[in-house]
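The two complexes that follow have chain A in common; it is paired with chain B in the first and with chain C in the second.
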Partner chain A sequence: MSDFIVHVTIMSGLYALLALSLNLQAGFGGLMNFGQIGLFACGLYGAAIAFQFDLSAISGFAFAIVAAALLGWAFASVGRNLQADYWGIVTLALAEVIRIIATNEDWLTGGAQGIGGIRPFYFDLDSQTRQIAILFTVLALVLAAALLCRHLIGGRYGLSIKIMREEPQLAASLGYNTITLKRQLMAVSSVLAAISGFLFAHYISFAGPEQIDSSETFLIWAMIVVGGLGNNIGAIVGAFLLQFAFAFIPFVKDWIGLPTEYVAAGRLFLTGGGLIIFILWRQSGIVPERVGGGRYV
Partner chain B sequence: MSEPVLTLEGIAKSFGANQILANVGFSIRPGEVIGLLGPNGCGKSTLLNLISGVFPADAGRVIFCREDITGLGMDRIARRGLVRTFQLPSMPRRMTVAELLYAASARKAGFRSLFRRETDEKAEIDGLLDDLALSHVRHLPAASLSGGQKKLLSIALVLRASPRMICLDEPTAGVHPNLRHHMIGLLQRIRASGITLLIIEHDMHFIRELCTRCVVMDRGAVIADCLPSQLTSNEQVVEAYLGNARQKRAMA
Partner chain C sequence: MFQFLVDVLMRACDLMLVAIGMSAVYSLMKFPNIALVQYAATGGVLAIVLQKTGMPVVIAIAFAVLLTGLLAVILNEFLFNRMLKIGSSTAMIGSLAVSMIFSAGFLVTVGPSPSRFAMPLSRPVRILDARITEPQLLSFAIVAAAIGMFALLYFRTDLGRCMRATSTNEVLADATGINTARMKTIIVLISGVMAALGGVAIALKGEVDIQMGMDLLLPVFASAILGGLGNPFGAIAGALLISFAETAVTAVNFGPLLGQVVAFLPVAYASAISFLLLVAALLWRPRGLFVSEVKRV
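Our next item is the complex of A and B:
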């Protein structure tokens, strides 16, 4: 059981990194990015491709970070003058393009079979110690990412992001180039998503196109909507809550006596149901965004 | 005589077949307070939108501080020191008044601010809030202010953007007379600090109290450029506002 809890906690931590990244974009910046999983793919395939071509993990990491930052910049640049909802559709399409490329470019990505056998971190340790080491690494990274997000949002830069989200015309009339602000925010937040993907590939030892399906993006959305849009703690709470809820669905299924196929349906129900319930009745999420009260009041 | 701070040359703008502005041109000198007047639909707000870069002109040039700013976006024009307020100011729901005032100084709040030590601007912002009688609402979400308070706040915001010239779109519309009096005092202090003002306004008392010159528009063209005291004696202005002279001529 404890191995299982450690595994779920590691997965929750990896999703928390993704949720923090999306929360920077959507929660603070108002950017309706429905292609978040495409940024995760940069990290996932950065690790896998480096492994496939016998390159070091560090070079894979560097590739992942640069590719994600460039892709985030490109996301913000494509359709930069579109309204938020139309831009969201563009990002969804871009993420699908990435998934289709990953499925079809066998020579690079292993195609539909993916790339397996990626060397895990702490390879020299026995499996139980390795799990604990990975757990602490992931939790340390989540803490570091949360502190980074707090630094980004807690100061003047955070205020510029919020004014862009709230009143873009007012922001422009005061001298803000909102397109540049969006590009910078996308590039920075994409790095967090890439780190999550990179760790995921080394943890699962596999990278395949089914891991970057668009439904994953909506799971990350559900995490930040349930946890609290515009609150870093909320993003982490949402990620852990949904991941643990997913992990315990099989036990609930056994307890109620439902057939196995109900597990997948239960996960979908939790994602969709959580989104609907919180959007309808508690838009601010479990941990709402704090308005004021910081160093500027 | 000093160089104009803003010069408009042959400005024209149409929306489809509807010509809003035709060959509009005038200059504003540093420190002047210009009242831009005219009946509803004469093109005042369109002209302000063209000057501030909300949308481009079909023809003509806008020169600000000897630089051609025609066609530049609103943010680039604002960074050059030409800023504006809006007729119906829309304020953030999830930012307090104080946060918004800190954010209004774009030069100090961009991405580079992450790598710089923050300057202490508390005294400046407290002074501004006191000046505008907004100290008691500094911790409230900006969107929760009354219409008049939002108008005052929008003036405070543009003051934080290091302006050389401010364009105000109907600053007193919907504002209580007490606040209106307060606003006149504030704008007189802004004028005394050497900032040039262009004000769209319908309140003649306000115009007389504040403006050094008036530009009157009707049906997309400038019909008068005179002192505030000459407004009532200008037949074209009276005709544009009241329509009496035209009516009398038609009946004759």
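Our next item is the complex of A and C:
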């Protein structure tokens, strides 16, 4: 049982990184990114492709970071004069294009079978100790990412992206170049998503197109809305809450004695229902955004 | 050649009604309702289920379409109207949540296996050396009739005039004595009915499974956005363009270009190409090809 808890905690940590990244974009910057999983895919396939072509994990990591930052930059550039809802659909479409390419370019990505057998981290440790080591690595990274986000948001940069979210025209009139701000924000937050994907590939030892389905993006959205848009702690809380809830759905199913389809249905109900309930009755989420305060320059 | 045109037209028929519904709803409600693709799936699935209970096909379809329209109104009244008070982005995420609940509902009630209308098999008819089946003709007729009726209502009746007035300038329409809240309810009902008819038209041609709604999401959105969200008849052109791109990419032999005899792109790339077409079109015209909204300074 404790192995299981460790596994769920690691998964929650990886999703927390994705949620922190999306929260930077959507919560603080007001960017409706529905293609978050495409940025995750850069990390996932960066690790997998480096492994497949016998390159070192470091070069895979470098490739993942650069690809994600460029993709994030491209997302922001495409959206430079689009309305929020148009941009949301465009990012969704681009993430889907990435998935289609990953499914069909067998020589590069292994196609629908994906790439398996990726060498896990801490390879020489026995499996129990390795799990614990990975757990601490992931938790440390989540902490580091949260501190980075707090640092970014607490300073002048945080103020500028918040004013861009609330009053884009006022931000422009104060001399902020909103397009540059968006590009920087997307590039920085993409790196967080890519790190999550890179760790995911090495943890699960597998990268396949079903892991980068758009439904994952919607799940990350549910995490940040439930946890609290515009609050870093909220993003982490939301990721852990939903992952742990998901992990226990199969047990509830066995306990009540329902057929297997109900597990998938239960996840969808939980995600959709959670979103609706929080949007209607507690818009600020579990941990609301803090207005004002902090160290302002 | 004629076969190619028929293929384009048939694919466009799949997308058109739902895309028109989406655009129509956007013109008054000012948010893209993702749940609309699930209304289409509901229409198709419900009609098949009703037919299985022993109803004649026509009555089953009529019931399914009306029930879906009512469902659209109810959801709008209790969820989307409340979410819209917070903001259009929130309403968009809310409609995403609603469509997740739909997916879960389908999984539990209908199950994952596909279903189809019980209809006698018929030999395809040949028109100008293109093969067309009777169900294809029937579904084309349904789509054409629905578009015709909607065009008449939109351009030739007082109701349509009120709708157009509300979509152009809601405050002014309200001041001239138009009941804008009622107009919104009516357009939501119409969009639900159109989407359900679109779903029925797809179901007539083949099978319906519970993934249908989510599979429609991006092509339908691409059509509606390409045509300019809020302009229902732009969506027709959008749907034709998207289906043309999808069909052309897979039907054109790239062999001579690459110095080979035959070289076709994999079918899976059809949708990728149409999404890239959408992105390219938006770079050039950020609000779609045919914008009907008046932009004020």
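Simple rule for what comes next: the second predicted complex is superposed on the first by the 294 of 297 C-alpha atoms of A that agree within 3 Å, B and C clash if a C-alpha of one lies under 4 Å from a C-alpha of the other, contacts with A are read in each partner's own complex, and residues count from 1 in each chain.
Rule of thumb we're sticking to: a residue touches a chain if its C-beta (ideal position, glycine included) is under 8 Å from a C-beta of that chain, and two chains touch if they have at least 3 such contacts.
This one's a predicted model, so the numbers in the text were calculated from it and none came from an experiment.
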Partners on chain A (chain B, chain C) - clash or fit: fit
Chain A-centred angle between chain C and chain B, computed on Cα centres after superposition, in steps of 10 °: 80
Chain B versus chain C as contact partner of A:Leu192, first or second or both or neither: neither
Chain B versus chain C as contact partner of A:Leu44, first or second or both or neither: neither
Chain B versus chain C as contact partner of A:Ile134, first or second or both or neither: neither
Touched partner set for A:Ala76, first chain B, second chain C, both or neither: neither
Touching partner for A:Leu20 - first (chain B), second (chain C), both, neither: neither
Touched partner set for A:Leu268, first chain B, second chain C, both or neither: second
First (chain B), second (chain C), both or neither touched by A:Val291: first
Touched chain A residues, chain B compared with chain C: C
Touched partner set for A:Glu167, first chain B, second chain C, both or neither: first
First (chain B), second (chain C), both or neither touched by A:Leu159: first
Gap in Å between nearest CA atoms once chain C and chain B share a frame through chain A: 8
Chain B and chain C footprints on chain A, overlapping residues: none
Contacting residues of chain A [partner chain B, same complex]: 151-152, 155-157, 159-160, 162-163, 166-167, 169-178, 180-181, 184, 230, 289, 291-294, 296-297
Residue ranges of chain B in contact with chain A within the complex: 52, 73-76, 78-79, 83-86, 89-96, 98-100, 102-104, 106-111, 113-114, 118, 138-141, 157-158, 160-161
Interfacial residue positions of chain A with respect to chain C in the complex: 30, 32, 78, 81-86, 88-90, 92-94, 96-97, 100-101, 103-104, 215, 218, 221-222, 225, 261-262, 264-269, 271-276, 279-280, 283
Sites on chain C touched by chain A in the complex: 31-32, 79, 82-83, 86, 88-90, 92-94, 96-101, 103-105, 107-108, 111-112, 214, 218, 221-222, 225, 229, 266, 268-269, 271-272, 275-276, 278-279, 282-283, 286-287
